[in-house]
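Each of the next two complexes has subunit A plus one more chain, namely subunit B in the first and subunit C in the second.
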Partner chain A sequence: MREFAYQRATGVREALMADARYLAGGTNLVDLMKTGVETPDRLVDGRGLDLGGIRTAGDGGLVLGATATNSVVAADARVRRDYPAVSQALLAGASGQLRNMATVGGNLLQRTRCAYFADPSEPCNRREPGTGCPALHGVHHNHAILDWTEHCVATHPSDFAVPLTAFDAVVRYETLAGPGEIPLPEFYPPVGGRPDRETVLPPGALITEVVLPVAPVTRRSRYRKVRERASYAFATVSVAAALDVEDGVVRDVRVALGGVASRPWRARRAEAALLGGPATPERFRTAAAAELAAAEPLRDNAYKVTLARNLIVAVLTELEGQR
Partner chain B sequence: MTDETRTEISLLVNGETSVLIVDNRRTLLDALREQLGLTGTKKGCDQGQCGACTILVDGRRVVSCLTLAVTADGVGVTTVEGLAEDGELSPLQEAFVRLDGLQCGFCTPGQLCSAAGMLAEHAAGWPSAVTRGGTPDLDEAEIRERMSGNLCRCSAYPSIVRAIQETAVSR
Partner chain C sequence: MIVGTPRPRLEGRLKVTGAAPYAADVPVPGLAHGWMVTATVSRGRIRELDAAAALALPGVLAVLDHTNSRRLNPDAANYFGPDGSLPLLQDDVVPHAGRPVALVVAETPEQARAGAAALRIGYETEPHDLGFALDHPAARPASTLFGPEADTGDLAAELAASAVVVDEVYRTPEETHSAIEPHAATAWWADGHLHAVDTDQGPYGISRVMATLFEIDRDRVHIRAEHVGGGFGGKTICGAQLILAAMAAEHVGRPVRVALTRRQVFLATGSRPPTEQRVRIGADASGRLRAIHHHAAFALSPLAEYIEWCTEQARTLYAAPAIRTQLTAVPLDMLPPCTMRGPGATPGSFAFESAVDEVAERLGIDPLDLRLRNQPSVSPVSGRPFSTRRLVTCLTEGARRFGWGQRDPRPGVRREGDLLVGTGVACAAFIAGTFPSSASITAEADGTFTVRSGATDIGTGARTALTAVAADALGVTTEAIRLRIGDSDLGMAADAGGSRGTTSHVFAITETAKALREKLPGADLPVTATVDTTPLINWQPDQERNTYSAIFAEVTADPATGEVRVRRLLGMFAVGRVINPLLARGQLTGAMIGGLSMALHEEGVHDPVSGRLVTADLAGYHIAAHADVPAIEADFVADYEPQDTSGVNGLGEIGSCGTAAAIANAVWHATGTRQRTLPISLSRVLSP
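Showing the complex of A and B:
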């Protein structure tokens, strides 16, 4: 590991002035520093900042502080009641120990689990632009099926980011030039030719909070994750969905997929196919097929197309049955 | 090595304070084992994947291999050496011994610290991925899910689960 300076910040301005890499739970950053993928020369520890709370927003939404741990958010009574898919996604991620360390901000900025990315002896456009993408024709059974380019076929690993994308949550941040906010569906840009550009956060920005907007639909929501073992593994495919049905007609619906693209994938085609129509299994199947029609599986991951389709149908059917 | 890359910290481990100078790169796991001589905490993967290095920080279970020692300045750490009270094994440790919750024993310190933290989380009403509805009893499915961050290469899982369940019931 490369040597680095360390300091603690007690105020947001102090953290911004440090001109350093932010350290939160360290569960991703420290791991990647050990292997030499990350080489910061200065860390500023943000856990002393007063950003660990969860509060109700003026309009009834919920504001999650950037340093609140994944465990605390998952256990929060308001999150469990009004945004069940958010609690479920957090609980489906990592382990009890890691969730006690991992934070709201760090979770959203965790880096891909592509094995080539994690190994500095391999080329990788995301880690070192211009070196190539060995996963394109290499080991890629758990890589993307949507929106990839020949520059990078990796997926985004976060479970938490999937329901946040479905629910149009908003990331708030601070920079020395002032504050800003970005809705989750725009937070991660399409991979295009720049896989190293992972978010649209301005350089040096400190995430301060994530806002969950009020929407009646989120109360009936569900996160379901398929993985290679029953617990403590990253998703192969996951779905966050919410469904609001009145008199058999879909009034509001949200669907997002994890494990299929370089960013959490908002399934807008599926949503459009469902909105205003009957909440029936046939419609769920049509909507899922419409979303996955654009899929371009790699040599070894066509199974994800079927899996994603079936998972969307299963979760919507379950939500409809819960009424 | 310049001064900026080392830090003097005060570590409160199992009720005793030690002041030491650490390289900022040092993990809490290595500081415990190599600077404080507390070798009960084990290094399995050193990547956050196995749980062998689990300790309690201010009562919460964490993996010490992904915790930088410098971040632990001033917090309260409990390792497996600190679980016994006045020389008496804690009920959890006693149950592991009585019910054979181990074979080689390498994962055991992590299992014990993790289980201690997990029981406190459950007592606080925290849900798990298999929880449906309110606060569940700690049945086998709940224990297995909540303890999934601790791998056992000897696969002593059935007796680990039994030892934890027995401790939970008698609390």
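Showing the complex of A and C:
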């Protein structure tokens, strides 16, 4: 680990002025500093900022403070009642100890779990632009099936970001030039030729909160994560879905996938195929197929296409059955 | 009698309070720290190694590499013979990725690590070969150090006469021990003597290797391994941490500690090699086995001989008129493999007991029944009787407890919601015996006894078991026993390996106690007796000596996602007399979890282009998490080993054999599809 400077900030402005990397729970950043993947010169610890609360927004939505821990958010009664998939996604991630440290902001900015990325003795375009992508023809059993480019085939690891993307949550941030906000579906840009550009946050931006908008559909939502062991593993494929059906007709539906692309994947084609139609297993299957028609599996991960399709159908069927 | 009663481990409190010192914890004045640097290419030569920048960094004391290191004896050997991986930093050859190529020594571990990052190393790469296969062109017969291959009866004729013949290929991947304590050693020299605190499974054996390697008398090598945080075979060999620490301590004239990171453990310490196994079994329509042919291949390194003895089950478990075993070694550009819990028997029993299940399937016979119908009365290969063989009791008692009688034989028909449910069985045998060891016991003037043995406790509870044995043998309570182990100065002793550590040390201690009790009457205290069991061991016994198990598993499989979870595991074991049922059960359930982990999770994967290990941490190399481990029951059938003076057999490894096959057989019963390749990961189960 290289030497670095460390300071604590008590105010947002102080944090912004520090011109340093933000440290939240440290569960991702510190690990990556230990292995030499991240080499910041300065850290500013944001855990002293007054950003740990959860409050109801003016319009009835919910505002999650950037330093609220994953455990606190998952246990919040309003989150569990109005956005169950958000709570489920958090609880499906990491371990109890890690969730007690990990924060809202840090979770969204955690970095990929591609093994080549994690090993600085390997080339990797995401870590060191222009060095190449060994995963493309290497070990990529758990890499992307959608929207990848030859520059990078990694997936985004966050569970939490998947329901947030499905529910059109909004990231709010501060910069020295003033505040801004970005809806989750636009927060992570397509990987294109710049896998190192992981979000559209302006440089130096401090995430202050994440807003969950009001939408009746989110109350009946579900997050399901498929992984290679029963816990303590990142998603192979995950689905966040919400379904609102009236008189057998889909009034509103949200679907997003994790583990399939460099960003949480909003399944807009599937949603379009379902909206206004009957809520039947056949329609769920058609919708899943419509979404995955664009999938381009790598040499060793075609199973993910089947898995994603099956999972969309299973979760929608479960939600439909819960009425 | 203390032996036979459940007692918690003596050092349990020290361990859970963090007070038990492990190899990297022992304080040593004047300590310097070494950081190991390993090769990043899979084969080639070191073209340049520029240490100037590293040496200029604060705190860096030295950089050891092949240009400036002391010479080591090229003939040093491990258990299997000469081992070319032991003399480190001797030349520019890179035989495999992960080979240590330098050690940076500094005042602190951080400075040493920074120095390692500043080394500039250039390689000339050569094409490597990691393409393991049974029919690889370089495949050759494996060493027969463990005895000749089995070849009884007329295999071709019996196969031709069989009503059904199963002929399938089974594969297991590279697997890693993943002991919780990473390898570490602290070494220093004083007056021509080498002293070290190491993490290993047998300090006496290691002291011998180090003596040959450094060309000094064994009496001048003093290795301690007081507490060891798990080994599973991965600490049986003389490790790079110790060799490098000793070289560096000599080089800088100070004590040096080398503590590997988890990644370095993956990259630079040996694993269980991958196997590919063809099993042919012929049976007549009544379910009587006629022919068994087990041909197993494993990978190894040209640097050292090694045996993954996969064919043990084929020669022990069932009677058949024709039995042939064939073991093939495939030399590849890999790190030399290292025995891992139940070497050979664990991957071998997966293949063999899966194939036996397939015979039952083809014949429409209950798989438990098929196993019971083919039990031999004497060893089917050697013709020698078994000294004790309680396998049938394991199978029948296990079946009763598990509720096997209610089992619907049809595959793929039991549903619970979205899940398919199935059950499976497998059995295993594991060779048992005793290795030479010595012990000495002093009767102190205060009525206590000091027992000295070169044994190690690698977390098994050996310390507690040996204390109980000594107390019984001397007719006193455990409070009167002071047991000293984990030090090569305490006398010659077998290592904690091959499921023979405890058996060997128990034998030495009981014989020594006997000798002491003869000396005691009228003697002036303190008085000491010492016994070396080498001349007492019968190397040509007229009976076969094994432990046995029957494992039952219940699994669920989700056909939509491919997720397999184990719901229930039951193991019934015949392991001779049990010294401490609490600790023995811990060993067996732990080993069964290892078998579960092997069945569903563990797989070392190399990059198909560079050959480097990609799964070099515990995020990439999955082992079972707590949530994967179901209700597990391990229990014993009454047993006594007549070939042992205390009636005991080793039990450290038998639990990991058989478990993977029982789970794979249960997955077949749940889904109707055979899983012949481990691990049974979800992509293998998912129906397209």
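Details
In this text, the second predicted complex is superposed on the first by the 323 of 323 C-alpha atoms of A that agree within 3 Å, B and C clash if a C-alpha of one lies under 4 Å from a C-alpha of the other, contacts with A are read in each partner's own complex, and residues count from 1 in each chain.
Basically, contacts are C-beta pairs under 8 Å (C-beta built on N, C-alpha and C of every residue); 3 or more make two chains touch, one makes a residue touch a chain.
None of the values given here were measured: they were computed from a predicted structure.
After overlaying the two complexes on the shared chain, residue contacts for A:Thr236 are found with subunit C alone; subunit B is out of touch. When both complexes are overlaid on chain A, the residue A:Glu186 reaches neither subunit B nor subunit C. In the superposition on chain A, A:Asp252 makes contact with neither subunit B nor subunit C.
Contacts of A:Asp147 after superposition on the shared chain: neither subunit B nor subunit C is touched.
By the touch criterion defined above, A:Arg113 lies against subunit C but remains apart from subunit B after alignment on the C-alpha atoms of chain A. In the superposition on chain A, A:Asn310 contacts subunit C only, with no contact to subunit B.
Touch criterion met: A:Ser121 reaches subunit C, while subunit B stays clear of it. Residue contacts after overlaying the shared chain place A:Gln88 against subunit B, while subunit C stays out of touching range. Counting contacts as defined above, subunit A residues 1, 230-232 meet subunit B in one complex and subunit C in the other.
Across the complex, subunit A meets subunit B through its residues 1, 3-6, 23, 25-27, 30-31, 33-34, 43, 45, 47, 71, 74-75, 80, 87-88, 91-92, 94-98, 100-101, 230-232. Considering their complex, residues 1-2, 35-36, 113, 115-116, 118-119, 121-122, 134, 137-139, 141, 226, 228-233, 236, 303, 306-307, 310-311, 313-314 of subunit A touch subunit C. In the complex of the two chains, the subunit B residues touching subunit A come out as 1-2, 4-5, 7, 23-25, 27, 46-48, 51, 54, 60-63, 66-68, 70-71, 114, 117-118, 121, 124-129, 131, 144-150. By the touch rule above, subunit C contacts subunit A in their complex via residues 40, 110, 113-114, 117, 263, 418, 560-563, 565, 600-601, 605-610, 612, 614-617, 619-620, 622, 624-628, 681-683, 686-688.
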